[in-house]
Amino acid sequence: MNAMHITASVFINDDERCLHQDLEIWLEKLAPHEPVARYRHNTGEDNADAHLKRSIMGREAVVAVTNGMLDFGPWEQIFYGEFDGRRKKRVLVKIIGE
Amino acid sequence: MNAMHITASVFINDDERCLHQDLEIWLEKLAPHEPVARYRHNTGEDNADAHLKRSIMGREAVVAVTNGMLDFGPWEQIFYGEFDGRRKKRVLVKIIGE
Amino acid sequence: MNAMHITASVFINDDERCLHQDLEIWLEKLAPHEPVARYRHNTGEDNADAHLKRSIMGREAVVAVTNGMLDFGPWEQIFYGEFDGRRKKRVLVKIIGE
């Protein structure tokens, strides 16, 4: 399963609102949006930081399936991380197997 | 193959003890455990940093198999990264193919 | 598809030269090459930072295929990230499916 956009992520973690806030704050520290002019990509666009954030969080998740159920560990859930808030976003889910 | 815990990683790198120490020190710098109170997730728990470290190192590794052998490059080995030292941990290994 | 070297990455992002410069500058800030002596791995080698950079960017990309075409979102392209400039490098591409 993968984000179909290069400024977004599909990742697996805890469904805990405060943790997601921690993630946002932390990503903003590692790859700040401002100052926009620090990034060479930002000519006409201002979302270079979103590309970097997506690089940390990853593009895709691969999850095993057994008897029609996702093989999740405790608390594992799949999230879509949106880092620039542009366009309509889509996720691709592909299932293969016997 | 994936860690079944949201504070742990399965990753592939060199089996070199000093490198693993470098990784630990580096992750601690990017996502410090202390001060525990900096993270909103840490109410009752104090492992928010472990969730962040796992986000950098990734949850899973997908390895091709040919004739029953893992298609590894030179020095590639699979490791389990444990970032909070809680609970008994498990790894899921799923093999698919013809 | 994966890098066969533990100091390199296969990743998916925009084919935009300035963005790739941003990525390089950003990775150098998160995992600086210098001072070489800061890393314990660097005894005889000096590429510890390349191992860390590859940890952020990831080792592999898993891409769905439908009717012989990669299921890419807009602008998605696959890149090989080389972080230490040593050895001849190789990428493994494995295709599975019905």
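First chain written, first letter: the chains are A, B and C, and each begins at residue 1.
Here, a residue touches a chain if its C-beta (ideal position, glycine included) is under 8 Å from a C-beta of that chain, and two chains touch if they have at least 3 such contacts.
Because the structure is predicted, anything quoted here is derived from the model rather than measured.
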item: Same or different contact residues where chain C meets its copy chain A, judged by the half mark; value: different
item: Chain A on chain B, rotation in degrees - Cα superposition, rounded to nearest 5; value: 120
item: Rounded Å distance, chain A centre to chain C centre (Cα mean); value: 17
item: Residue list for chain B, restricted to those that touch at least two other chains; value: 30, 56, 58, 62, 96
item: Chain B to chain C touching residues, read off their complex; value: 11-14, 16, 18-19, 21-23, 26, 30, 56-58, 61-64, 66, 71-76, 96-98
item: List of chain C residues in touch with chain B within their complex; value: 2-6, 30-31, 39-41, 43, 48, 51-52, 54-56, 58-60, 62, 90, 92, 94, 96
